[in-house]
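Just below sit the structures, each encoded as structure tokens.
There are two complexes below, and they share subunit A, which is joined by subunit B in the first and by subunit C in the second.
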Partner chain A sequence: MKKQKELFALLHHLKNCPSDFLDVKENLSKMITKALIADLFRKLFNDFEDDKDLKALLSQLNVSENEYRAIRVATWFFDQPLFHDNNLQDGITSFLFERLPLLSKHVKAETWLDDEDRTEEFVREALRSCHVLIDGESEDEAQDRLDALSTIKRLKILEETNAPLLRMKAIRQAMAEKKAREAANVYGRE
Partner chain B sequence: MDGKINVSTETLRSQWREAWISARSVWSAFLMLREPVWCLTSEAARKEGLTGSFAMIRLTDHRIVIDLEKVKNYGVGDEAVQVLAHEIGHHIYTPANLRDNAVLLGRIRWSLADMEDKAAFVANIYEDLIINDILHRSKDLDMAIVYQKINKDVPFSPLWTLIMRTYEFLWKLKRGSLATDLLLHNDKIDVDASLMASLVRSYAKRWIDGGGRFAALMYPYLVEEEAFKKGMASMAVYLDTEKAGEGGGMISGLVELDLEGIEGAIDPRTEATGDKQPKNKKTIDISASFGKTDRGGTGPKQRYLQPGVYIDLLKQVNPNVDEQALINQYYREIASPHLIRFPVEVTKSTGIMIPEGTDVWESGDAIEEIDWLESAIASPHIVPGYSTRKRLYGEDTDSDQSMKPLDVYIGIDCSGSMSNPRVSFSWPVLAATVIGLSALRAGAKVMGCLSGEPGSFMETKGFVTKEVDLLTILTSYLGTGYSYGIPRLNTPFHAPLKKKSHVVIVTDDDIFHMLNAKEANHWAIAETALQHAGGTGTMVLHSRPDWNKPGVKLLRDMGWHIHYVTDESSMLDFAREFSKKNYHKRR
Partner chain C sequence: MDASKKPTVALTDEERFPLINDLFYLKQMQQDDTAPKFNFQSGDRLRSEQLAHVKSYASKIKTKQFWNTDSQPSWMSEYLNWCTSTVPFYTNRSNVLTSHPTIRRRDIHDSPWQFVSADCDLKDLLVYQTSGTTGAAMDVVFDPISQACWIPQLESLLQPLGIRLSRSNRHVAIALICDQQTTITYASLSTYLDGAGVLKINLNPSEWKRDDDRRDFLEKYNPEVLTGDPFAFNSLLALQPNIRPKAMVSSAMKLTNDLRQKLESYFDCPVLDIYSLTECRMVAVADGDGRHRAIRPELYFEIFHPQEDVLMPPGERGELVITGGNNPFLPLIRYRTGDFCSMTIDNGTPYLVDLEARLPIAYYRSDGSFINNIDISRAMTDFPLVGFSIHQQIDKHVTFKGWCSTLDERMSEKIRATLEDLFGENISVKVSCTRETPTTKPVSFTSDIG
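On to the complex of A and B.
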């Protein structure tokens, strides 16, 4: 039960992200996102001022509005004691600037908070970037669960399987239409 | 306790009776629902209609039936609260009632092209997922344990693996907790289960709206007939609502196309990858097999299901329902918006005041109103306002004008040139239904006759007053001969009628071959019938005014009105206009 509580605590924390993190005027979005990242790193890793890589990343940050919104949600998520660990800096940086922008191409920022599976995917993606495991869960179990939830993997599988499925449906629908027409024609007008 | 070995069904019954109270309070302490029918043996359960599973619901009498012998055999004796709360959920949440059950089945059918017969099976699984998820996550009941126990005895299939994986997703359980046959796991099932779990959560409150999408997700698993059969074997023990509507009454309001249902027949897989297909085109494709075209359905304003599809749906809801009753209901519902007050004949009558007992005469009343005899009978002492009585009068129910509707005879050409109203929508039958039901509503009698001659005919036993008698004739089909048989008019109109009747015959150009036939003088029959009917006669001809002009002139000279319809849908306009045109001028 402890394991589940840990997972649920993380999910709960993410779901409680205030709407202010999403509802930012577009012309201020970039500036506020940068400020939130800076605040987060100051809070988690006091010496981030010396991190030239992060400074460079921040100065080059130029992504879509949806990605800015997702990054702001992530700054909320990482702002908790679990991530007060200097060893996690690389993982958090990687999630914020690499993994999350990639995922955001397929998922709307608010969906991370509204859809339970996407919330769990977000949490597990963030934890995997930081190499953190949920209590009581093995690495394989964590990977299996993430694979099952992964939006990117799901899209890949659906793209592979949708075409034959649509063909099969089309054939069956055509058969059904033919059957219906034949039935109607039996007693059709002369 | 190991219910499988140690406990007798009698003991189980008393344990489950106690659990019944807890199960009810899971949903609401104020829930009023009759105690389940406890069957100590599977044989007794069979007599109650329960086969396959150990529990089921009946929407017809709001009962739950429990097979305690099977409960014992599956070892779920300790899970009484879960099982009973689940069954209660079917009664109060989904499907809850016969109508919602039917609407859900209708929506599911839109997504099951060529496999509509599996709709009840799909609906049962969908409803189970919705209820179990609520019980597990919102009501704190451990539903997983029920599946863990029963799954020991059921064969797994890809379909059953999909359902169990969905529960694993919903309840964040480890892989294999419920879907125990790991050999059947694959990425495709995982993806579908993930989509299914999202769908169940998203549509938990609007579960009817999610039916089409859910069925679309299950579609490929059902197509694999073998997988379906295996799935059925796995799920037989869980199917508790498949027969929920059996023996129920007629459900109204299902004739019209369910546009929301059609729009909801979307595959979540295509939604997840981004819908690249134009929405309208997809809707048309999915619904084409149900007779819906890009212009809509069938009947007036193309708003209705094809009769065959309607019958299939309602028979799925209730396999015991009479097909004739369904087809009657189909045309009755389509006719309903067009029913009007039937035209009436005005006759003079006299109204009189009649005494209707006595009441206390009070001091403010007119002195001449006192009935002295009644007052004396009430008391020998006259005390105004106490023992004084006055007589009350009531007006005779006759007004100075009474409304007397004319009867109507409706003859329909049911020869080979007419379509079968059970297979495809029939405008002549709808028009006849509108006229017939309007007449009945106004208190007139109606005689209906289907005729396809030479060959056969069907008619009501004279002029009738029962809807069912009339509709049963109107919605039947002969498909014989070439026209309406004029000699049929001899039956009601061989002699002058005491009560006047209108005559309406719906036919086509072939009626002139019938009138000119050499076997008998059909022209004379037509003329005499109209005279004996006493009302007016109308031939509704599916023909053109420039055809058979001499024949038309002859009919008009006899007093027949000729109403041409060049497309069948205008028959409904005729039916609506019929009474105004022919009766108002007779006032």
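On to the complex of A and C.
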């Protein structure tokens, strides 16, 4: 089968993630997530059995329910011929165990499938972790597009915009509180 | 002071004076048989690291290193960099002073929080509402350090006269004398002066248990330095207390030569007339010949055209504009003071020439008793006025004009009732309110009575 790097196909594949990947009983969530990762690695990289690093990562995996759900979506996403490449193992590992848990602190797992922008962000983040470019795109173009979609960057901008507002609110509140109290200081004032 | 505006006593003595263990003298002043009916408590709240800052400021201010014609102070560049990088109001502005527009009282009045540096810890925020003698009342924010630096500023005025404030916890170093209808009064201590007493008293007899107590209390505590406005000093003179202050410092309004001579003669001490602003405290001291000498090296003066953002040629008269200060909660860059003068620099010391600050205007009731214009300003803070002018005719009748953003007939009526309360019987009060922009100073006091 031809390795598909066409964006629409990748988005389509992700969106077709079966709901079973999300709807897992919480008490089974961790176990099933680990099993899906192990299964994915067995399919993509045949020498999984000897991968001590992955085994260590799996044994230490302890994240929130939302992160387990997102990781299971990712195991669905990576399960396609494009990623049958031993050179991509580090990238996929990094996405599953580092980048996706970070993003999942701000994005609900189902949003990766329901929201067009988040779906594209997921695909682009996964590809960037694997250093894979979409057909016809340069590295700069890929980065620009990801920057435009990035949840982390968006939050950072919001935070930067909100910080002065929050500070202003805090000062106003402190002024109001202290004006009414002895802190409305008159020491040394005629 | 309106009860609703009066801050409530909410701290413990330990919070007021974290570094003073012996509060005996404080209690003695508060509980003295002749003491006024103190209505408030106040402390400098200095912690050890803050006290160190105040002491460091005291050393710096003594250097008297100002600037020369055609140059700026050495601290300017660092100060502008700090302002533009940490103070929201100045963010994205230039690091070069000449590129900055002037700012007005209105800018601070509308959004004081925009002037608070990101470096400030809001736990240290203190608020003071101005009396509004030169403009609409406003909130000025500051911290315990900039607040306590008032005393080193005072010391730097006294130093050239060979006067030093004593350090001991068994004497009163400073008494702030008022004569107002109502004002906050307290007995306090100064951590910077090793626990010396600081008093704020109101000479209005209604604030004392017995009339004679005013004189007895002052004589018993015999403050080293008295500060106050000319009205308060005039009342003090009439009281004829047997006290020997080392100096008297008049502020808030211009001190007339006549009153100064009377004070110097009776109290046998130098009487200093200082120019100060609520926004940055003491600025300059009258030095004779119509000149005021700069006292704080961290304040930079410029003279601007009154209506346009144009710097006046050297030596020409215009509006005094100030940059600098030591308050991180209100750093000033090109702040228009609303006061007018020209400037000259002699031997590296700047002088404000023919400073036209606030003249003392007395208003009278029909029985001849006077009203301090600060009482009028305070009463007007209850109304949403942008500014106002008040004039008393020779027959004592009063005309008041208020500027406000929305006209409200009921407000005019309430202002009239408030002024009638202040002026008492047999004085007619005419009040009008308008939405026009004030053409003169935002607050103007005038009188035909000498």
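Quick notes on this structure:
Keep this in mind: the second predicted complex is superposed on the first by the 156 of 190 C-alpha atoms of A that agree within 3 Å, B and C clash if a C-alpha of one lies under 4 Å from a C-alpha of the other, contacts with A are read in each partner's own complex, and residues count from 1 in each chain.
What we mean here is this: a contact is a pair of C-beta atoms (placed from the backbone, for glycine too) under 8 Å apart; a residue touches a chain by one contact, two chains touch by 3 or more.
Quantities reported herein were computed from a predicted structural model and do not represent experimental measurements.
Looking at the shared chain after the overlay, A:A170 reaches both subunit B and subunit C. Taking subunit A as the reference chain, the count of touched residues is higher for B when subunit B and subunit C are set side by side.
By the document's definition of touching, of the two partners only subunit B reaches A:R154; subunit C does not.
Touch criterion met: A:N162 reaches subunit B, while subunit C stays clear of it. In the superposition on chain A, A:D115 makes contact with subunit B only, not with subunit C.
Shared contact residues of subunit A, touching subunit B in one structure and subunit C in the other: 168, 170, 172, 175, 179-180, 183-184, 186-190. Remark: subunit C residues 7-11, 40-45, 88, 112-114, 116, 118, 122, 125-129, 139, 141, 147-148, 150-151, 174, 176, 178, 184, 186, 188, 198, 200, 227-229, 232, 251-252, 278 touch subunit A in the complex.
Those residues of subunit A that touch subunit B in the shared complex are 4, 7, 115-117, 120, 141, 144-145, 147-149, 153-155, 157-159, 161-162, 165-166, 168-170, 172-173, 175-177, 179-180, 183-184, 186-190. By the touch rule above, subunit A contacts subunit C in their complex via residues 164, 167-168, 170-172, 174-175, 178-190. If you check the complex, the residues on subunit B that touch subunit A are 113-115, 169, 172, 174-175, 187-188, 190-191, 193-195, 197-198, 201, 219-220, 223, 267, 269-270, 272-273, 285-286, 288-291, 306, 308, 416-420, 423-424, 477, 479.
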